[in-house]
Amino acid sequence: MRKRLRELGIIIGQFPTGPHNAITDVPGVRVGHCTLISDTPRVARTGVTMVVPRNDVWLNPCMAGHYSFNGNGEMTGLLWLAESGQLGSPIGLTNTHQVGLVRDTLVKYAVEQGFSDSFHLPVVAETYDGWLNDIEAFHVQEQHIYTALAAATDGPVAEGNVGGGTGMICHAFKGGIGTASRLVQTAAETYTIGILVQANYGMRHLLRVDGRPIGRTLDHDRVPIPEHKRPTGNSIIVIVATDAPLSAGQCTRLAQRATIGLARVGGTGHNGSGDIFLAFATGNELLRDGRSHHAVSMLAHATLDPLFDAVAEGVEEAILNALCAAETMTGQLGRTVYGLPLESLVA
Amino acid sequence: MRKRLRELGIIIGQFPTGPHNAITDVPGVRVGHCTLISDTPRVARTGVTMVVPRNDVWLNPCMAGHYSFNGNGEMTGLLWLAESGQLGSPIGLTNTHQVGLVRDTLVKYAVEQGFSDSFHLPVVAETYDGWLNDIEAFHVQEQHIYTALAAATDGPVAEGNVGGGTGMICHAFKGGIGTASRLVQTAAETYTIGILVQANYGMRHLLRVDGRPIGRTLDHDRVPIPEHKRPTGNSIIVIVATDAPLSAGQCTRLAQRATIGLARVGGTGHNGSGDIFLAFATGNELLRDGRSHHAVSMLAHATLDPLFDAVAEGVEEAILNALCAAETMTGQLGRTVYGLPLESLVA
Amino acid sequence: MRKRLRELGIIIGQFPTGPHNAITDVPGVRVGHCTLISDTPRVARTGVTMVVPRNDVWLNPCMAGHYSFNGNGEMTGLLWLAESGQLGSPIGLTNTHQVGLVRDTLVKYAVEQGFSDSFHLPVVAETYDGWLNDIEAFHVQEQHIYTALAAATDGPVAEGNVGGGTGMICHAFKGGIGTASRLVQTAAETYTIGILVQANYGMRHLLRVDGRPIGRTLDHDRVPIPEHKRPTGNSIIVIVATDAPLSAGQCTRLAQRATIGLARVGGTGHNGSGDIFLAFATGNELLRDGRSHHAVSMLAHATLDPLFDAVAEGVEEAILNALCAAETMTGQLGRTVYGLPLESLVA
Amino acid sequence: MRKRLRELGIIIGQFPTGPHNAITDVPGVRVGHCTLISDTPRVARTGVTMVVPRNDVWLNPCMAGHYSFNGNGEMTGLLWLAESGQLGSPIGLTNTHQVGLVRDTLVKYAVEQGFSDSFHLPVVAETYDGWLNDIEAFHVQEQHIYTALAAATDGPVAEGNVGGGTGMICHAFKGGIGTASRLVQTAAETYTIGILVQANYGMRHLLRVDGRPIGRTLDHDRVPIPEHKRPTGNSIIVIVATDAPLSAGQCTRLAQRATIGLARVGGTGHNGSGDIFLAFATGNELLRDGRSHHAVSMLAHATLDPLFDAVAEGVEEAILNALCAAETMTGQLGRTVYGLPLESLVA
């Protein structure tokens, strides 16, 4: 039985978590998965995850920013996100070969929902699951995107081998989806920082848990490293959500801080890795209803430090939650990737 | 009978053109179109254009850089292009809603061609043709991408209402695909600069031809401005190719200079416009064959000025060639966009 | 007697100007020059210009953004300006070799004014006047920065051979400081766009005035091109000011549009040129008084197009105003740069 | 007696160090300090450090790139460094208020050395020492820059309270200059990575040494945290040098990896921090002698991973070396900052 990191008694950092220790602790944020696991006719270990920033995001974008620590990956929609400082669609996560399908299907979905008065530039990211998953079978179909959207809900978020994270590998253990949250008390108010990762990066020997070099001390005979693991295709997508009223530039700063959490666990941004981070803030309304102005609030920059620290903590814990949740999986060609042995964490 | 700008006696700038005054004057560069024009069951005025940098681009990327003058559009593959400074796929151009399909199909094509030893991050861009084209019908299918790839050839390039440019509108005239080239003699060698645009931007009154304010002086009664033309969705994709041995950073500098050519014709980068420019240089081989080093040549920065000037000229002429080539088109809902009246240019 | 472009009957674009057709038409913006012209002991043709965004800018930064079209130049303070999206100091303009002195002196000035509770990262830019000015004499001294600050005033702005622009060359004519403004009526309100340039770039044959290729048609025998003009050291600094309530990202977008105005006059961003643009917006207060939030207004992106167009127009006219104002100057080594012959403009 | 981290028996990471475990292990790189410590007439705890990439750097720039993790600081010369991908001057490090003086004096030095045929855009960075140092006395003078340049030598590098690092504070202990190096064996050759930091950032409780949370377990009564330490003004400058033949883009990638080393020690990029990283590579010659081409070598991207990991290790150790070297210092107003108690590291 897999457990979350905190259930093992390991606490990352200083900030308290939200009620579910999940990105959905940010009010209005919903997550849905569609998981594809089958062995015939071709082996599927893949899927789609949807992060919905808020119900009316198509008409009411969120402030947003991104950072690419190593850009060996795809995240669509970034030109407009960078230009406008706004995120106007759900965020899709899937495998490398089908990011285009998920992207176009989000356009189709928007059209069907009646948002056809304009074009759309949805945000969809990917990591590569082609070691366990027969990725060249292009398993994901339109219906799976709809399924993930329909499944999007608040409350606890399934982690590990689910949705876009189904076939992922992290520090040579089974990886996948992980999440965490932090509550940050500022002079003014308490804000929630929520994190969701699709973790598919990293080398075994660099893995650290709260600073301890687990990756160097584990019994590798018992949890062998996949032999034919290719050095490329290791990536991590990080989604940072908050209800704080941030400007677009401040969202970018939060996205950059995901690097800190990644570094603490053992990521160094290898060449084959798409380490791409996106942050959005729901603390302002930006209704596209023809108005000429938006009245917005932005935190003073000097107020941001605890938010930065909380992002670092949350990313560290979300990655470790992905590792804790992901069970050993056997995929195509009989290849097996082992789940992180939880008892070794406790020891 | 439409003519190219030079056939009307109008010469832009000082540099001589290549033999075809086209992007294909850069040795190895090929262009293919698949044009979709039909009225039933739903009105199609769209298509796909492929720019192939060189035959072995999948295994032998080109140095490349990009610039987004106004990022209200999509160009996939840019994170890796920016990270690596390399372009490793053909460049697809299509409509806004189906950039994902073209992108995924390029992945599928690469897999089928045997380049399955790695993941792929192809570059596909779009402009919005939803005024003439029933874009919500999602007309483009996989086969059309294959058709455009198969059609890719050197020599003269069809312009105007073809390929990805089929349904485009430019300065409230019919727009589409345009191309041009320049020969630049430096101290060392003569290099070719090739330009291809998918032109779908701009307001009528700002149009200038070689500085002359044509857009303010035309008889608008005879060539009326589409009434329901939405201000958003106007974009221009510019592809700059050269055989000069440039570094990635120098490609980025070339891409930025596309802004100059655009400005001369009358573009100002409006909010709804995806003005996205990509430059690649074939002057170096970057074979992905396991070698640890690449021996490359790069022009001294002080040598670049004539290349910069040539990009500006080439972009100016390529846009005007698109306008000269594009014939009046009637699309969905009986909407008509008029071709630029060539006799008014001559006058 | 030199005249401004409009006094010659040449109107650039469509928008009306403010009362002084100057950057100071933006309420609160002040400009001061200190001009250094002397022949002994070493030839001085240089100076300092100060643009003060608002009186309390040290404690009440403006939203701001920048764009480097060609970064062969210096503008200090940009890391924090980009990180924060804010401008917290006057903007200094001077020659290339002494940008550091002006920068440190602004720090000293801030300390003396009592703003010593924090460090300061002032914005100071430069262009190279070493053809007319004996730049290696390092003429500018601390007192000159104070003089320029003390001289800063609203109302008409001296143009041409003044302040930081004293020794500058533009399109092989005498260049220097130029300014212009535009009034932009939006659905909500009328905003002012103000421009100030220090123009020191460009080749003669590329010069255009409202589209007309003046640079190719002038009688060069009468106004010869400086023979030993070095190809490097040609630059243009553009300052865009507005009272519109813009976000930092929107300021960056305005700064990018300066490229359009530059392109219309004939700039192509040559390798030796520092073409660096900064935009700030005074429409919001951002008081650094310990508050945790700022309540700010931002224009809807869809409202921005006329502001973009106005920046393009304003930059075009400000450069031409610099050329119109700058008188023929003889500097070190008997070198002479001729003023643009105004009668040739009228013809 | 202070010791370096390795002398305490603590080894960071896996790669071997160069002979001096210093940035000067990269052949041709020299470092010089000028340290200003005096109590009258005003308290000086400041200085200048010079990193000389190679003797002929003025005429033979190095490939270079930079990354700003948090841009609350100044590093001059970055516009041209980013545009050209080249570093053409020594790198100066000093206090916040005098970065301009050091910058202009490097220009003057270049002129005096006979490099007056062009303008110069030197790179000078700063961190804020105004808690221990009476920074408003502007202690650094021209002669001190010359002294640091004259002192630049290869071999061991003085660390701690020297040069630009004299008055710095790091994780609420005494900080300053630190250095380290790594030897990286690739398929082709062995390269050296050298790091130099001016460390002036961080909160006590976040300090970790090789993963161990030293900052939470130290006896704070014995080494109290400075009471009036202002939250702003904490920064770290990281210089990465290598003899590997890298492209400019690859230098930027190395600079980004400094974030990993910083994160491991406990940096999170707080708002008041100027966390600015620069990397240069001496593996190519880029002589500015009028040639039209440079023949250069660049590592294949797939070769870079060990270099990335080595940068992370080197930065981690260089910061810790700064902490190990820096002795307790009392500065202005009787303020004292304690050196990291080395015995607590060993325990």
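For clarity, chains are labelled A, B, C and D in written order, and residue numbers in each chain start from 1.
The rule we apply is simple: a contact is a pair of C-beta atoms (placed from the backbone, for glycine too) under 8 Å apart; a residue touches a chain by one contact, two chains touch by 3 or more.
None of the values given here were measured: they were computed from a predicted structure.
Student: When contacts are scored as defined above, which chain pair ends up with more C-beta pairs, C-D or A-C?
Tutor: C-D is joined by more C-beta pairs in contact.
Student: Would you mind checking which chain's C-alpha centre is most distant from the centre of chain D?
Tutor: Result for max centroid distance from chain D is chain B.
Student: Quick check: how many Å separate the C-alpha centres of chain A and chain D?
Tutor: That pair's centroid distance is 34 Å.
Student: How many angstrom lie between the CA centroids of chain A and chain C, rounded to a whole number?
Tutor: 44
Student: Whole-Å distance, chain C centre to chain D centre, using C-alpha means?
Tutor: Chain centroid spacing, chain C to chain D, equals 34 Å.
Student: Quick check: what residues of chain D touch more than one other chain, meaning two or more?
Tutor: In chain D, the residues touching two or more other chains are 70, 83-84, 232, 253, 301-302.
Student: Under the stated contact criterion, what part of chain B meets chain C in this complex?
Tutor: These residues of chain B touch chain C: 69-70, 206, 208, 211-213, 231-232, 253, 256-257, 259-260, 263-264, 267-272, 301-302, 304-305, 308-309, 312.
Student: What residues of chain B sit close enough to touch chain A in their complex?
Tutor: Contact set of chain B toward chain A: 68, 70-80, 82-84, 96-105, 107-108, 111, 116, 118-121, 124, 128, 130, 136, 138, 230, 232-233, 274, 276.
Student: Could you pull out which chain C residues touch chain A in their complex?
Tutor: Per the stated touch rule, the residues are 83-86, 186-188, 245, 247-249, 253, 288, 291-303.
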